[in-house]
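What follows is a group of structures, each given as structure tokens.
Shared between the two complexes below is subunit A, which pairs with subunit B and subunit C, respectively.
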Partner chain A sequence: MTPSGRADVAAITDDLRAFLASATGRDELRRIPPGTALFGPAVGLDSLTGTLLLREIQRRFGVDVAGEDLNLDSLATLGTLATFVAQRTRPEGGP
Partner chain B sequence: MTREGPVKCVVWDIDNTLLTGVYLESGDEPPGADPVLAAVLAELGERGILHALASKNPPEAAAHTARVTGWRFAAAECGWGHKSDALARIAATLGMAVDALAFVDDDPFERAEVGWALPGVLVLSPEEAAEAAGWPEFSPPVITPEARRRAEMYAERQRRQAAERSFGGTREEFLESAGTQVRIAAATTADVPRLEELAARTRQLNSAGAGMAQDWFRGPLTAPGREVVTVRLRDAFGDDGMVGGCVIDRDQQAAGIWVVPLLMMSCRAMGRGVIDALLAWLIRQAARAGARRLLIPCVTNSRNVPLRLALAAAGFRVPGPAGTGHGDAGPAPAAYQRDLNPPLPGLPGWVRAPGEPGGDAA
Partner chain C sequence: MPSGSTVPQYETAVPGNAVSVRNAVPSSDMVDVWWFDTRAVAVTPAGLAGLDRGERSRAEAFLFPADRHRYQAAHVMLRQVLASYTGTAPGQLPLGREPCPRCGAPGKPVLRPGPGAPAVPSFSLAHSGDMVVITVAGRPAGADVERDGDRCVCPLAGDLHPADAAWVAGLGDERERHRAIIDCWVRAEAVLKCTGQGIGHGLGGFPVRPDRSTGLSANGCMVRELAAPPAYRAAVALAGTGGLTPRVAASWTSPLPL
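And now, the complex of A and B:
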């Protein structure tokens, strides 16, 4: 991955943290590390917050996570999700 | 036409639709209610169908319309944006799919805009709406006590959501503080109408797909190798009654496999830990019976992503090549499964269920 690709992952990670914090009303989610399990106790992603998160990713990045990942393995951690999205986001003007 | 299944909420225009004139052009004496459509509101409301407003008017027009029709609307969108956006917000507020909406407007331009942007919405003129009470889309096969209370339960839901937003703690802590009670129990024949209604109406949390015309509940509810289970939910904000259920098939018990051919839950229960509690109980119950694997066949489409999230959170996976989604899966159900090796998931203290402390006999 290129240096700019890594920057994308970091930026997307920040975006996802901010969305999770605002969707749940829990400000501490703005500071979770990339290795945090999304279905684990710290985040507690469920069918409702998960659906809101996937809808936001589709709206903001144009990536249909559930449409491409049957097992939703990409939702293992904050970092795996950001990487999954970054790999499918083409920079503007790119191929 | 891509829509399927019954309409859950009708979104009404105000001017020259529910009112007999234009609100802002009528000076000191705003127009009254259209008597035919007011009767349709009441008729459909009796069947458990919700009503909402989408109007290019100030919010006072919605309050006036509620007054003159005598109806409490589940949601109201007043503003000058696209009506299709208003409908999408109403669906999100009510926690239902956009395809569960119908839209009534006297303006052919508005009907065309909504029909184009949201092809799953049933779009009607006021004249068509006057006849709609007789259409199958507006005729749920059974009308249960839960259906009659639906408008009230959506009001409770709005109070609960406001309380949760200002709560601050984790969701588990909120559910505990709200006095959440989930009761899982074997179904009785009295439960069958509501079970059939859930099978027909649920979309976001339904493993078999919406409105599948299968006679899940015709035969015996409890037979050797088969069991039907109900899930009820209440908290300090209100009693939602039966919100879900499932069918357990133990024909492959000898091979160590329990199958759940139908798992369904009302979207009202979303975000309240109920689907997670049901999945955790199924895992524990199957393991107690000596099964080694729990199999939940689940159709995969863009509508039931919430159920797939719950399955993933509970540790269910579809074996096979990774990297495919519902875009590739086709209409056949995917074989979500989970090994039942310890450690097994815990159950929150507010769940009562067969085989668990405080529950009915297993």
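And now, the complex of A and C:
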């Protein structure tokens, strides 16, 4: 991945953290590491908030994660989700 | 436990103790509803000892102690509630998961009947924020609770059944729209938890009529709204047709009668 790709991932990761903190009213979610399993027990997201996150990604980045990643591997952690979104939004990018 | 809170305190019981309260499994259209506030639960080492390996490893995976506490409190109390119906010690309850009817993945948590044992109750556990609701019934039931906060939930309208989404879109007040979306969500999730189908398959496959609060039938279940703590919305579903009558066994404002 290019340096600019890494920057994309870092910026998207921060965006997702900020959204989660705002949607849950929990400021500590601004500091969660990229390895955090968002849809596992790690931070206790409820199903409604998890879905809201995916809809926000669709609105902000135009990426339908659940529709485009059939194995849902990208949902494993915050970092895999941000990487998937970065790959789908960079025109020259892609896996 | 935040300072200044007035929620009642109670401790989780010692597994292996004689179970002191026995509740009859609800019959017919009745569903027992147990609410509690996880801030009020002091999780004890003895209570934790009743959790199984899977529950312990999930608890270990939480990043923040407050989330771990909510999970542990919910599961220790779930075991105590179920023990009060079956007479089985909390740590000895044969809990398992039924396969999702759509994809076969491990899904709905169930109590497995032992050899020669009488029928076991069906249950459902839901939590959101600090609140937990457990429903117990004689046939498959499902419950859901979600926070009804200040956040905008309009992006979820696209996940609802088209008829419900259209009704929500017709509401003039933004706050009312948010509440109606959450009402649809908790009803659909309660129905899917009742049938055992994971919400990953979508929850807009059937209408749940946000314009009504009771007397609803959806996807082979009865479903209705459930009185919930302030700033939360909740629903309960029961398999089959006919009535659905919730009976509050414990309120979020009082200690669990266990």
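The rule we apply is simple: the second predicted complex is superposed on the first by the 87 of 95 C-alpha atoms of A that agree within 3 Å, B and C clash if a C-alpha of one lies under 4 Å from a C-alpha of the other, contacts with A are read in each partner's own complex, and residues count from 1 in each chain.
Just so we're on the same page, a residue touches a chain if its C-beta (ideal position, glycine included) is under 8 Å from a C-beta of that chain, and two chains touch if they have at least 3 such contacts.
All figures in this text were calculated on a predicted structure; none of them were measured in a lab.
In the superposition on chain A, A:73 makes contact with subunit B only, while subunit C stays out of contact range. Once the two complexes are overlaid on the shared chain, A:64 sits against subunit B while remaining clear of subunit C. With both structures placed on the common chain, the touch criterion links A:36 to subunit C but leaves subunit B unconnected. In the superposition on chain A, contact is made by A:22 with subunit C only, not with subunit B.
With both structures placed on the common chain, the touch criterion links A:56 to subunit C but leaves subunit B unconnected. Once the two complexes are laid over each other on the shared chain, residue contacts for A:44 go to subunit B and to subunit C alike.
Common to the subunit B and subunit C interfaces on subunit A are residues 25, 44, 46-48, 51. Within the complex formed with subunit A, the residues of subunit C that make contact are 58-59, 61-64, 67, 70-71, 127-128, 146-147, 149, 151, 153, 155-156, 158-159, 182, 185, 189, 199. By the touch criterion given at the top, residues 24-26, 39, 44-51, 54, 64-73, 75 of subunit A touch subunit B in their complex. Those residues of subunit B that touch subunit A in the complex are listed here as 164-168, 170-172, 204-205, 270-271, 273, 275-276, 300, 302, 305-310, 312-313, 317-318, 322-329, 334. Those residues of subunit A that touch subunit C in the complex are listed here as 22-23, 25, 28, 32, 36-37, 40-44, 46-48, 51-52, 55-56, 58-59.
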